[in-house]
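Quick one: the structure is below, and I'll ask about it shortly.
For reference, chains read A, B, C and D in written order, and residue numbers begin at 1 within each chain.
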Amino acid sequence: MTRPVQIAVIGAAEGEPEALEAAEEVGRLLAEAGAVVICGGRGGVMEAASRGAKSAGGIAIGVLPGSDPAEANEHVAHVVATGVGQARNLAVVGSGEAVIAVDGHWGTLSEIAFARKLGKPVVALRSWELQHRTEQELGIVEAGSPAEAVEAALVAAG
Amino acid sequence: MTRPVQIAVIGAAEGEPEALEAAEEVGRLLAEAGAVVICGGRGGVMEAASRGAKSAGGIAIGVLPGSDPAEANEHVAHVVATGVGQARNLAVVGSGEAVIAVDGHWGTLSEIAFARKLGKPVVALRSWELQHRTEQELGIVEAGSPAEAVEAALVAAG
Amino acid sequence: MTRPVQIAVIGAAEGEPEALEAAEEVGRLLAEAGAVVICGGRGGVMEAASRGAKSAGGIAIGVLPGSDPAEANEHVAHVVATGVGQARNLAVVGSGEAVIAVDGHWGTLSEIAFARKLGKPVVALRSWELQHRTEQELGIVEAGSPAEAVEAALVAAG
Amino acid sequence: MTRPVQIAVIGAAEGEPEALEAAEEVGRLLAEAGAVVICGGRGGVMEAASRGAKSAGGIAIGVLPGSDPAEANEHVAHVVATGVGQARNLAVVGSGEAVIAVDGHWGTLSEIAFARKLGKPVVALRSWELQHRTEQELGIVEAGSPAEAVEAALVAAG
């Protein structure tokens, strides 16, 4: 395969300033490393990651819940308008070789869960801290900074 | 509306004996209360809840990931074969006026997340204990027994 | 399997009077034969088929595009609120052992296509008349009346 | 919006030689015109269109039914692995400003139907010839060659 590696960046449509800043840096660092950013295509963390990728000359692909490509933020290079509503969360994480969660709430949690269900590596930055009832290892790496998150995701994506 | 109330019961396809026992009792108690059980239609907790509902003369509806109704467990009264893979998790919780999670792993976590995203009340029985980074209230009721879980779900379903 | 046979009835949300009348009779005859009606849960042909099933003491299950069970017509006995938008068309036909199309337009055509893709028998009543470029046999039975359509569907569902 | 126009190219996974040749030329001509090709990411017509786009230095995006990006053909530049099975057909046509159907069978028919349901312009090249019962105008342009199909799609995409 000669395609560039794809990393999904997930997080809320309404992010706090620190989250947006972190997401933008994640997008920028991924693009600098040659990776394509996959995101949900809307605002907040999704838009920040797209803007970061674009600012470094990279590519973000927005995977929308609706059927209208015009709903994507202006920084994505390409749009997939799935039309399947929140089920597009499955498409976002399925498309990444690894997943970076920045902040986020219920939608992001559904994506983390789907990602792990699919066996995809997940890196969490200021996001949900999960613990299963059985205290088993969950396969989620906690990162302390955008640089750490990007490095961990690229290593995990192999 | 004259339809009976619908409660989604979610949990893993491979459940521990205690979880299966609890799920069967949840299904039985829901049926005795006149509620319809919505589940993922497969084995484990899904099958146990279906069996419980049927044993009390009630109805379980299995919402399958695949397109073949024959993949449903033998205790469901009706089957919806969605064909949308794991995205059927969204359909399961969307169809309940409230959701009871019994045990469960990543698939169940995706359902809890979707349920809360949709604003549906969630009752957790031996399931994920979640805490958001912001320590905000998550709207998930912890139940100590099947009877408690069913009562909480029916009250929440209003 | 001891479940009753399930027949999907598909057609437009805005049907002409003749189509609505036909759909209601299809629903009624299916219920009289002990079959469960699966439909899209909304108005028009979907509502007429649901009303017909209910009028004969039978069961219609509405499979909705959205996540709010309250969007279903008042005649369905149970609701599956898929949340996957028009992709619920795949769920409707996947859930039937056979499919009856009454009238209908683009949405109905997508359902006929998915049904045949899945290998489900399709009976058309006043609906699309299709012909493939290769003139191959398409596996769609044309029926001249609701009674003929129901009989053909039940035979095909085996 | 500064994104390049996106045109969906749809058709069967097992195409006849003439269809594959036509699809490859469609992909090539779209890429030469600066358009991005959206396709289902698998073999046959999808692969031929991807190969054509790539051969002209353009971009094809494969929108897969499954959750494994590795299932894409080797000519796509980027992959969205939706995980929603045949419901990905909705995502393919939703992502195009216009749709070109090359040959094709039931899957393609579901895509033509969804595209028209969404109001997207459809150009048919050696594909289904449809006629509605009411003989209303269907909004599908018949093209006689790849060049004609690409021109009609680009005009329709505006």
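Following the convention adopted for this analysis, a contact is a pair of C-beta atoms (placed from the backbone, for glycine too) under 8 Å apart; a residue touches a chain by one contact, two chains touch by 3 or more.
These numbers were taken from a predicted model, which means no experiment stands behind them.
Undergrad: Looking at C-alpha means, what's the farthest chain from subunit A?
TA: In terms of C-alpha centroids, the chain at the greatest distance from subunit A is C.
Undergrad: Name the chain pair with more contacting C-beta pairs, choosing from A-B and A-D.
TA: Answer by contact count: A-D.
Undergrad: Approximately how many whole Å separate the CA-defined centres of subunit A and subunit D?
TA: 27
Undergrad: Averaging only over C-alpha atoms, locate the centres of subunit B and subunit D and give their separation in whole Å.
TA: The separation of the two C-alpha centroids amounts to 39 Å.
Undergrad: For subunit A, jot down the residues that touch at least 2 other chains.
TA: Subunit A, residues with two or more chain partners: 66-67, 83-87, 90, 114.
Undergrad: Quick one: in the complex, what on subunit C touches subunit D?
TA: Answer in residue numbers: 84-87, 90, 103, 105-107, 109-110, 112-114, 116-117, 126-133.
Undergrad: Of all residues in subunit A, which touch subunit C in the complex?
TA: Residues 66-67, 83-87.
Undergrad: Spell out the part of subunit B that touches subunit C in their complex, as residue ranges.
TA: Contacts found on subunit B: 1-3, 6, 36, 38, 59, 61, 63, 66-70, 72, 74, 76-84, 87-88, 90-91, 94-95, 97, 114, 118.
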